[in-house]
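All remarks here apply to the structure that follows.
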Amino acid sequence: MDLLTHLPALQVVVPMLSAPLIVLLQPRGLAWAGATAVAVLSFAIAVALAIAVLDGQTIEYAMGGWPAPYGIALSVDAFSALVLLVITGAAAAALLAAKPSIDQQIEVERQPLFYSAWLLVLSGLVGIVVSADAFNIFVFMEISSLASYILIAGGPNRRALPAVFKYLMMGTIGATFYLIGVGLIYMMTGTLNLADMEARIGDVTDINPILVAAGFITIGLALKAAVFPLHVWVPNAYTHAPHMVTVFLAACATKVALYVLIRFDYMVFQGKLDDHEIQFAMFVMPLAILGILIASAVAMFEGHIKRLLASSSIAQIGYILLGVSFVSMAGLSASAMHIFNHALAKGGLFLAVACLAYRYRDLRLNQLGGASARMPWTCAAFVVCGLSLIGVPGTAGFISKWMLIGAALETGPWGWGLVAIILISSLMAVVYIWRIVEALYFQAPIEGDAPMSEAPVQLLLVTGLVALMNIYFGLFPHVPLELANSAAALLLEGSR
Amino acid sequence: MTFLELLGYFNYWVFAIILTVGLYAVINKTNLIKKLIGLSIFQSAVFLMYITMDKVEGGTAPIIQKGVEDQIFSNPLPQVLILTAIVVGVSTLSLGLAMVVRISECYGTIEENEILDAD
Amino acid sequence: MILIFGLFLLTLLVITAIAIVRTEDLFVAVMLTSIFSLLMAANFFILDAADVALTEAAVGAGVTTVIFLCALALTDNKEKPRQGKGWLAFGTVGLLALLIIYASFDKPRLGDPDAPVHQHVAPWYIEKTSEYIDIPNVVTAILSSFRGYDTLGEVFVVFTACIGVLFILGVSPRRQTRQVIEKNSGLRHHLIPQVVGRLLIPFIVLFGLYVQFHGEYGPGGGFQAGAIIATGVILYALLEGEAEALRAIPSRVLLGMVVGGALLYGGVGVACMFMGGAFLDYSVLAADPILGQHLGILIIEAGVGMAVCGALLTIFHAFAAREILS
Amino acid sequence: MTPETAILVAIGIPLVGALAIALAGRISPNLREAATAVTSLSLIWVVWGLLPLLMDGGRPSVEVSQVMPGLSIAFAVEPLGMLFAALASGLWLINSVYSVGYMRGNKEQNQTRFFACFALALSATIGVAFAGNLFTLFLFYELLTLSTYPLVAHKGDAATVRSARIYLGVLLSTSIGLFLPAIIWTYSIAGTGDFTTGGILAGKLNDPEIGLLLGLFVFGIGKAAMMPVHKWLPAAMVAPTPVSALLHAVAVVKAGVFTITKIIVYIFGIDFLFEASSSQWLVYAAAFTIITASLVALRQTNIKRLLAYSTIAQLSYVIMAAAILKPLAEVGAAVHMVAHAFGKITLFFAAGAIYVASKKTEIHQLRGIGRRMPWTMAAFTIGSLSMIGVPPTAGFVSKWYILAGAFQANNLVAVFTIIASTVLNAAYFLPILYMVWFEREKEAGKEHGEAPFLVVLALCLTALLTLAFFLFNGPVIDLESQVVKGLG
């Protein structure tokens, strides 16, 4: 067995087949260890894949040995490799840190099921990313969605349940819309393979179903990706999920839906439908801008730290979409880069929140007094990741904002307006991050609290590491940058 | 416009109507179980759409019989897809119902507005 | 003639759907949903989709209804009337309906053999199934080999739902007493259901097994078989009581079936890798590729059947046990 | 050590120092103070070690990382930056001595955080001084804002946090809202942001835009405190006095005017800007700030706030000098940075000493204090005279050069402004001096003598420097003349 050629399949199969085994690991702690080992292995596979595609080539894999479009093909290129790194990295990092926090939030008997679901989310997400088949994407989307409902429903507060129910409703509608869109395209082209679709869609003469399909797919995936104004499920789901789940999902779940959206629009529709670029930009750009501004404004007035960060996530999705809506090399690479950088920043922030939550039961801002003295390392990590989210130079967040601004300037006379929006929203980010920082550093401790200490070392180490990575990738962003650039090149090539 | 043609449109229109009826229940009903019922109708509509497209005039179910030449078969692929989709549907449904049961235990109601009021 | 029947079925379908949404009695709604599924299954059958019809009947009309009823027993079976954002819902769905109808005018008409959907990939399957796999049922061939990876995903969806229900309902309800379980004795004291049911159960299970192993030749396969056998066991549980059914097949066994089925399927795929093929490339399993395909399909169908049967029963028990306990 | 590594070491030393201070603070305060001392001494050794090379015309530079094509983190030492770095590192040592006395004398809380952040701020300052391009400069500029925030908010009560919020809000929003777009604009038209002798924008930008870009830079660099973005500076006075003294009289504000000067000299190019009519407004804006801030200072009753407004006026001196766009004036700008630094740090040290010794913060409380604190008030007098520009103090030297430059350019607005502001400076400093030395204490306050020894030592040293600079300013002028060598 030549391991290298099987990497795309192994990327999905390893976490997927481990999930049932994890259920059987009843003894305390074993399920965690198993799941973590698998997640780290997945990350290693993703790294190997990234190395293999760094020079811009695409790895294809025919499932069952059947050639595409008859069988299901997997394909990994620079863009997928970048997203794979984000997903597996987030899963592995969150799991490495997770044990103390999960032990606190989830009963021991239920933990094997929980970790099993975690691996299912992981395999579902990577399954979406590596798949080159429209229907197969749907199947794995459902695996990841169902499993993430489970993870979120693990939240100890009863409010997690209505939140996750809402997520389930909207997620299912989104997936079904996607399925309708795929069905319509299949009806008109007779194929499910993405590359094959692209080749055949140009021959379709009766264009109405294709247009409607594009609409269904875009809206369905936008629902999943929490694009404004279809984001209403996000704040509650992120807020009431177990803290480590928030770390994992906030870092990568919505981005995978965006990934599919970008794939579809660039690989299948763009360049094959008349004026699709313009329609796409006209549809997406206002949503992106509104999302950035409104969600940032909401975040400025939130009183709960997780809810605040969840609102910020919606705004960040807006940034990614904004770059995509430029339909240019610079815009796409900025978006791809922001997928990576935002995962780093937001993952780090939620990790720090998980550290705080280990000691503080109530995560409202006015309850967090004195945190800096009790948990100096946690707060320091929070500040670093917060700066990255704002986009302060020297952190990862700056790189993608800079690229996004550069791409906006290329768009012509409107460019400066877009730059102004990006800068204004950065200032809004300053406000909401700084509200938290003030609460952590300068608020009087609540009276009567027992003296508290730092979060467990395991949790803290990972948090610190992610914070440092925010700085590292702010100074040496070459690897993700190269992936992002060749991803953008591939996408644009595909749209021609 | 032949009769079959009309029936073809009729199939698509029924798909559209069922889809909207289901979605209407999902959006407009506050009862969580009713929402889930709406969701399952909504998904069933999509099954109908896929299966409608597999029909070939004069065709039969795609099961090859040895020795019989020149059979016309309906398209097997949508059927495969819908088999999968049905499973996905029932899985989502059971997960949703499990949540509804827990919500009912925690809140004592399964009406969305009452749940919102309770928190 | 059959087309007119189809027209009739479709109209009924619409009426049922509207009735479901309008009724405020959830029990009625669930029962109508079951009817809705049966109508849908009949419709699928008219459209030459025998496998799908079988599945829809077993799952939509059978298993789904039971789970709904279990959930209803644990909650409330009356919907509270309210006025509200009707205009918003109407606006949204109306727009949607118009969009689809707009698209429908460019769609190829029903049954047109020249429609693109019948041109590209589909004929290849019909043509090559005999050559590569050599089983009569093309649907099964696609399901388990050409697109076997999708089916693996499907099994894991079921697995996910199973552990999800276990996880979510794994929280202990407030009151928990052993005695109550004993009290629920199903329909043991009702003579007619007892007799009829007992007569039916062996046939249901037998039919399930037939569907399982005959899937390569006629409509059916692991999924349908799993659902049918699960229905049989559920019927047993309804007749004899929850505890009795669990005594017959303990929940650990059920979980073992789910895990085992999923792993069996995946294991075949991995074995293919070790034997030099791609993941799920059954051709390498035996010296003769066609034999390998047969072997692979047989094993994975067994895996699917186990996993689905186990998962559906686990889900049922999770709901039913709660019903008694709370 | 090669000059290239010296640059990196100079930035690294305070960083490592900050870590050492944080760790040492957990063990004992004395160890922590020792760590501060060692850090600042070694910083001086490294930074001043670069001076001879610069005097000989050397321009060491080093690139750390090419972040993106065209965007790199790079350092390059040139005379302006060298002067700034040498000034900041040298005064840090004196300030550390003062801080120890002040913080202990006042029994302040969280001293470890204070000293660690101070070291961080110094690292950022050196980074600003040595930055080789706009991007690097921006990076350290923001780092400086962030590392000084905890120092401003040090006390932690509601009023302080509110002031600190103004501080951070103004500095960050101007830098992100105006400075960053200006940088982006520069990169997008010039394709680079490297500081290059003669500028990089010549011929790439036309007239109205030149003024606009200049405006984005000048108001985006909020640290230079040009009106109307000066509000943060009075707000920052809630910080402990050593912070006001080193950071808000030297490091932070000088980073602002230094950045503007550097942009005028190395990004626009003096000659290019001189030709552009749309850049003329800068002189007027600076003149307006000088006069207005001086007028506001007249009305202040709090010592530190008065000094803050005086700083705002003095900063605009530097900007105006740079905006005159003549070689002598550019030299004057550089010299004024030094001269004002010595004078203003002395004044702040004195204000802090008064606070430590007597808890007095208002001007009217100072009657007759000269008899109780003769050393402190002598230093205060020297500082005041330097602000006015009376010989033999440092302030005279720089005003001389700026005036010379103004005449060279026939810029009568500048000449008039300098004269008028000198009168105003005298109008708000001389009454204080009279009060201190010649009036009698009104109410019988609590008995007190001089401030702690370390505090007095530090302020005497800086007062001496103020006097010494009048006589020994040759090396500075030689160094800075290199900036404009071959121009005009």
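Should a chain be cited, it is by its letter among A, B, C and D, assigned in written order, with residues numbered from 1 in that chain.
The rule is simple: contacts are C-beta pairs under 8 Å (C-beta built on N, C-alpha and C of every residue); 3 or more make two chains touch, one makes a residue touch a chain.
Keep in mind it's a predicted model, so treat the numbers as computed, not measured.
Q: Can you tell me the least number of steps between chain B and chain D, where a step is a move to a chain it touches?
A: Each step joins two touching chains, and the minimum needed here is 2.
Q: Between B-C and A-D, which chain pair shares more contacting C-beta pairs?
A: Result: the pair with more contacts is B-C.
Q: Look at all chain centres (mean of CA atoms) and spot the one farthest from the centre of chain B.
A: Of all the other chains, the one whose centre lies farthest from chain B is D.
Q: Rounded to a whole Å, what is the gap between the Cα centroids of chain C and chain D?
A: Here the centre of chain D sits 75 Å away from the centre of chain C.
Q: As a quick test, compute the distance in whole Å between the mean CA positions of chain B and chain C.
A: Measuring from centre to centre gives 12 Å for this pair.
Q: Where the centres are mean C-alpha positions, what is the separation of chain A from chain D, in Å?
A: 44
Q: How many Å are there between the centre of chain A and the centre of chain C, using C-alpha atoms for each centre?
A: 31
Q: Please output the residue numbers of chain A that touch at least 2 other chains, ranges allowed.
A: Residues 135, 139, 142, 146, 149-150, 153, 186-187, 192 of chain A touch two or more partner chains.
Q: I need the residues of chain C touching at least two other chains; which ones are they?
A: Within chain C, residues 100, 104, 107, 115, 117-118, 121-122, 125, 147, 150, 153-154, 157, 160-161, 164, 168, 171 contact more than one other chain.
Q: Which of line, ring, star, complete and other names the graph you get from chains that touch?
A: Looks like something else, not a line, ring, star or complete graph.
Q: What are the touching chain pairs in this one?
A: Touching chain pairs, listed by label, are A-B, A-C, A-D, B-C.
Q: Sort out for me which residues of chain C touch chain A in the complex.
A: On the chain C side, the touching residues are 99-100, 102-108, 115-122, 124-125, 128, 145-150, 152-154, 156-157, 159-161, 163-164, 166-168, 170-171, 255, 258-259, 262-263, 266-267, 269-270, 273-274, 276-283.
Q: Which positions of chain A touch chain B when the two form their complex?
A: Answer in residue numbers: 135, 138-139, 142, 146, 149-150, 153, 158-159, 161-162, 164-165, 168-169, 172-173, 176, 179-180, 183, 186-187, 192.
Q: Please give the residue numbers of chain B that touch chain C in the complex, ascending.
A: 3-5, 7-25, 27-31, 33-34, 37-38, 40-41, 44, 47-48, 51-66, 72-84, 86-88, 90-95, 97-102, 104-105, 109-111, 113
Q: Which positions of chain B touch chain A when the two form their complex?
A: 19, 23, 26, 32, 35, 39, 42-43, 46, 49-50, 53, 77-78, 81, 84-85, 88, 91-92, 95-96, 99-100, 102-103, 106-107, 112, 115-116, 119
Q: Within their complex, state which residues of chain C touch chain B.
A: 3, 6-7, 10-11, 13-14, 17-18, 20-21, 26, 29-30, 33, 36-37, 40, 43-44, 47-52, 55-56, 59-60, 63-64, 67-68, 70-72, 74-76, 79-80, 82, 84-86, 88-90, 92-94, 96-97, 100-101, 104, 107, 109-113, 115, 117-118, 121-122, 125-126, 129-130, 136-139, 142-143, 147, 150-151, 153-154, 157-158, 160-161, 164-165, 168-169, 171, 173-174, 217-219, 223, 308, 315, 318-319, 322, 326
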